[in-house]
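For clarity, chains are labelled A, B, C and D in written order, and residue numbers in each chain start from 1.
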Amino acid sequence: MNARYRPLMATTLIFIVAYALCVSQYPGMWSTRVLGNFLTDNAFLGVAAVGATFVIISGGIDLSVGAVIGLTGVVTAILITRLGLHPLVVFPLVLALAALFGAVMGAVIHFLRVPPFIVTLAGMFLARGLASVLTQDSIPIDHEFYRTVSSLYIKLPGGGRLSAIGLTMLAVFAIFGLVAHKTRFGSYVYAIGGNPVSAALMGVPTGRTTVAIYALSSFLGGLSGIIYSLYTSAGYPLAAVGIELDSIAAVVIGGTLLTGGYGFIFGTLIGVMLQGLVQTFIVFDGTLSSWWTKIAIGFLLFMFILLQNLVFNRQNGPAHLRKGPA
Amino acid sequence: MRAQSLSHLFSHQVIALAGVLLINWMVFPGFFDVTWKDGRLFGSLIDVINRGAPVAILAIGMTPIIATRGVDLSVGAVMAVAGAVAATFTVAGHPLVVTLAAALAVAIACGLWNGLLIAFLGIQPFVATLVLMVAGRGLAQLITEGSIVTFSDPALIFIGTGSLLGLPMPAVIALLLMLGAHLFVRRTAMGLFIEAIGTNRSAATYTGLRSRSLILAIYAFGGFCAGVAGIIAAADIRGADANNAGLWLELDAILAVVIGGTSLLGGRFSIPLSVLGAIIIQAMNTGILVSGFPPEFNLIVKAGVIMIILILQSARLGEIVAAIRTKNPLGRKTP
Amino acid sequence: AGMTVGFSQIGSESGWRAAETSVTKQEAEKRGITLKFADAQQKQENQIKAIRGFIAQGVDAILVAPVVATGWEEVLGEAKEAEIPVVLLDRGVEAPQDLYLTSVASDQVKEGRVAGEWLVKTVGDKPCKVVELQGTVGSTPAINRKKGFEEAISGHSNITIARSQTGDFTRAKGKEVMEGFLKAENGGKDICAMYAHNDDMAVGGIQAIKDAGLKPGKDILVVSIDAVPDIFAAMAAGEANATVELTPNMAGPAFDALEAFKKDGKQPEKFIITESKLYTPADNPQGEYEARKGLGY
Amino acid sequence: MTNDQRAVLQATGITKTFGSHAALKNVDIAFQAGEVHALLGENGAGKSTLIKILTGAYSLDQGTIRLDGEEVSFATPLQAQALGIGTVYQEVNLLPNMTVMDNLYIGRQPRRFGLVDRKRMEREARAVLSGYGLDIDVRADLSTFSVAVQQIVAIARAVALSGKVLILDEPTASLDAAEVEKLFDIVRRLKARGLAIVFITHFLDQVFALSDRVTVLRNGQLIGTRAISDINRTEVVKMMLGKDLALHHGEILAEESEVGETLVSLRDYGLKGRVEPINLDIHRGEVIGVAGLLGSGRTEMARLLFGIDTADSGRIAVDGRDATIRSPRDAVALGFGFCPEDRKLDGIFGDLSVRENIVMAMQARLGWFRALTRDEQMEIAGNYIEALDIRTASAELPVKLLSGGNQQKVILARWLATDPRFLILDEPTRGIDVGAHAEIVRVISRLREDGLALVVISSELDEVVSYSSRVVVMRDRAIAAELHGADINVARIVETIASHHAEAEQ
């Protein structure tokens, strides 16, 4: 088997083993209800993490997603409730705005060569700030369309629900999996992550691609914001605080290298599910205090990273002396 | 050499600081007023260096880490841990020396843990330190059991609120730490090695550098600095607030280092400039406080100022401007 | 056997919150209730996940301390479908009332109003410039406590809010913001009172006032909300003037209602409002401090 | 220069300055259809810079570029590519994290229904590479292949892209004779198809074997363009250096009897799967040349000797005492030094100054606390810059701005500064100009005379012959033979390398 699939296999394997362990502890976790909830409850995180995967494969980072989610939610809520626009009119509009926001960040990163960490940090402040200026309060969205969509689901045997937003997330993974692995744009993303100078010399349109990558990330942040607003039927400026770190963690747990150049969209799905698994496990356990919850999350994160490291790092020497993937 | 240190005076950072201070003065004319009160200096300018001290101290520890292409996301959590340890020890009646030693030892242990994961297990710094960022705050809460542990040991409180020669203690500590760290890395070969590892880790190994122990030491130092900052933060409010101490300060510290001109891709670094970066950030925060803007604008102002500073600092902008100038025959010639 | 109750707590962002958690655990233990506790780390999505997890486990009842008011309709609907009663703690939600059994909460607007009314009464007709330390921008208590306070002082033109900034509900930020205010208002000489949305910020603010060489409680009046032990300590030292209690015991009434409902289907009142009691130095602050110290604040 | 009618690509008055340093001064050059045009010059003469300007990788300060008589200005390499200029830049510039076929096709992958058709890409990639005698799994990451394979992939990519002009910047630096011959075949075919081919190399043999015209640059200035028939080696060298160079072939052949006592002695020293057990004694005052085909395990042996990989069998003794070498640090402590093959990846600290690069190993040995003062550093760096004739504007210049050959000298200087007893040089003359080449060969001999032990790995057999006291031939990751005295000549080495089957049968 091709060596590049090893991290992916490792992650998947760890997920299956971890899930099996959880089920052996709490048999209730093996139900369509829990499985359905996995998809629904992590939909917005999943969608945002797809964007983060692209950014990270290209060797960058996007700290602004959480704020973009918040801002999109607020703008959506305002346009629907205050201006009375139909959600189907609002969605394309906010998605376009989100993409534009990302494109500007991408342009600053590429053309002015300011590090992405900083540009997107400023982007995060800006988006959160704009959202708070627009409203401080949570704005409930009371619209026929919202009620319909948020209660749209396929009933699974055993009481589980496969919701519309859960399916949307799966669709996003499928579509952008294709984009990453099967289009020229996707290969440019990997190329820039591998070595931007070489990529430019080989004729990769690095400027256009970088702008597109951040536009894509913010676009998916916007989509995630819409999903979040459907999920909670509201727009809230403080929604999804800190989600950027969760999504980065999901991406990395999914086997993508933070240094860029290597990674898989599917791995991110596993990474998101793993995080969902941890939280569900903690809820099922129900005895952890606030602080033990944090320690447990940190500990499990550590275990995943460690296992992953052990599974596909053994036969080679120290990471920095190898030229290939870690 | 002399010419070089002189040119520091006109570095981007100094200009940025001057700009921010100027704006502060425009929104609040009393900004530069400094008075002598109760044996210490008093004024907004003093607040800037006092409040900027914790981030400055974090930035001192963060600079070598970033210079080796790393990052430490856990410093905020380590602050909370150190504060919690210090508070519980002093409440339990231990003398100041023991209290400080315990808090710093725990903080250094946190740094060593990060360093171990990064240098010896080869885990990427961002995720390796993410572990402690999440778990560390839990650890701090475990120590304080979720409540704010207040204390009244005057010696400990002095560290956060006292003053020496009229200057607030946190600022004095930050200054000493900066000088110490700067002289240490520049007078020993440490600085050279850090820059070498950050520039090309593989070549550093081939050259026989002790990369691993150096990286371990750097993260331990980062932990130490976070510990100092944590003690100051706790002493300042006479209590260990495990939930909020140092919350999100890791981002400010990283930002300070970047404003100070150290690249996130590693290599060249300057500890004094990082401290200057921290002061710039705090000047901006204090400016927002005294300006009287409604708080919902805080983040927007901050985002704007950061972008302006970094764009001005961007080497690329210099190139673009230079290109425009050379195309323009009337423009002055750039060296 | 006793009930199994799931409790979705917001997090442990303040001493008051920690006290609420520990009081809830004590109350559950007292009644032989098995408590499943889930900390949401300040995130609504985690709370929704937790509620869904409780439903999947088939608990007997669910307590939620909602982080925001909106966005609960669907998940509460699921609980209703699974016939699990839900009790809301310490704030309400914007959802149809049949989705939850009852809501045990304080009236946050009233808290602000009580604080404001105290100030109005205390200063009388004298001109008074107030500085306000707000809670986290966008959080419900910050919005409501601001609103209530403004209502109370609205008819009194001698009282004005000179400056208002967010102190994020924390001591450190409260102190830093107050330092800035003192500089901006002529070294604090122009400030007559400090109103903080919670006691933690007030404690930080008090330290800033002392550092500036002024006497909190005398030169600058201090009024805040929550009634945590440390503000009583300050009050005992004459450094704070008033606080409005927000009781951490929301779970007691909630469990009472639940037990009654489970036993004979008795529908409790829809809104159980806890008292917003004003405490001043006249109310034996030292005693209050001792009484509250062990509650996990 | 007047407008050259037959020129496909023509540049006039090209000037480029980096900071205050003028890399190119008013250079005119024209490449014609159906010619192989060699671009020559010392390290740092400005060849690569000129290429980068011609292909849009750098912007130019002054001058004009014409393609087919029309003035063009490329903002990016992509635009140059689109107009039929294919380029292999110096220091393989590919994407190690992507598959071989992606590297060949990035930007122009075959598509079906808008998606990349990987099956077809794989088929075509295989076919293309087999034209270069390469039969590899094109779906594997490029990083899993040797430098040579990567070089061939880069060439194949450029050739496929070049409709009008093919530019090769030192393409043969890491290729062996057979591969060079294959490349030449391809170049000749393209020439016959009417392409203009620009060829940069430091191997004068190859220049005379392949090119039609030569252009020489010196210090960023055009020295002249000549037809190959009008010029001979000595004249080319003189144009490049501005002076005569005493060529010295076989001049310094060392007497084996002169060598000193044993310094390093290896007994069954090996690492499973990497290097078969080695038995070798290395003496003071001797140069052991290591010859062998690409991938024969020479670099692996060097890595093992220097502790980058740790041996799992056998013993190593230094000065008669058993030693353990588990890291480069251990090796350095024993007085070893190692100039790695891939200087960009493992050698230089790009952003650091020439001075810092030179003192690094010495300082590493001194440790954290005994820091060299700046003055000491300046003195050491200054001495080696002079001794090795390192061309740099100043000792404070970031080393990444030096030309390749000068970077190599900086790394050599770094080890010499540690006053080593034993030096391992892996391809020390790769990409180095004739002048510097002679210089390095001279340094090797001088070091030997000073009593150092050296192991020098090189693919240039002439060179190996010229300085080796003994030659070790490697094959299949094992030492196949040792040649002494009169056996040290190119013919004998080639014979030994080739006698694979004969020996295997015995």
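Keep in mind that, in the parts below, a residue touches a chain if its C-beta (ideal position, glycine included) is under 8 Å from a C-beta of that chain, and two chains touch if they have at least 3 such contacts.
What you are looking at is a predicted structure, and each value in this text was computed from that prediction instead of being measured.
Among the other chains, D has the CA centre that is most remote from the centre of chain C. Across the two interfaces under comparison, A-B and B-D, the one joined by more C-beta contacts turns out to be A-B. Chain A and chain B have CA centres that are 29 Å apart. Per-chain CA centroids place chain B at a distance of 44 Å from chain D.
Centre-to-centre separation between chain C and chain D, using Cα means, comes to 71 Å.
The centroid of the Cα atoms in chain B and the matching centroid in chain C are 33 Å apart.
The residues of chain C that reach two or more other chains are 11-12, 18, 21, 137-138, listed in rising order.
Chain B has residues 141, 145-146, 202, 205, 296, 298 in contact with two or more other chains.
Residue positions of chain D with contacts to 2 or more other chains are 308, 345. Remark: the chains found to touch one another pair up as A-B, A-C, A-D, B-C, B-D. Contacts from chain D toward chain A in the complex involve residues 57, 76-78, 81-82, 87, 89, 93-98, 102-103, 106-107, 109, 111, 114-116, 118, 139-141, 143-144, 157, 161, 308-309, 345.
Chain contact summary for the complex, chain B toward chain D: residues 1, 187-190, 192-193, 195-196, 199-200, 202-210, 214, 267-268, 323, 326, 335. Chain C contributes residues 11-15, 17-19, 21-22, 134, 137-138, 163-166, 168-173, 175-177, 179-181, 183-184, 187, 200, 203-204, 207, 211-213, 230, 296-297 to its touches with chain B in the complex.
For chain B in complex with chain A, the touching residues are 73, 117, 121-124, 126-128, 130-142, 145-146, 201-202, 205, 211, 242, 251, 254-255, 258, 263-265, 296-304, 306-307, 310-311, 314-317. Residues 2-4, 178, 182-184, 186-188, 190-191, 193-195, 197-205, 261-262, 317, 321, 323-325 of chain A are the ones touching chain D in the complex.
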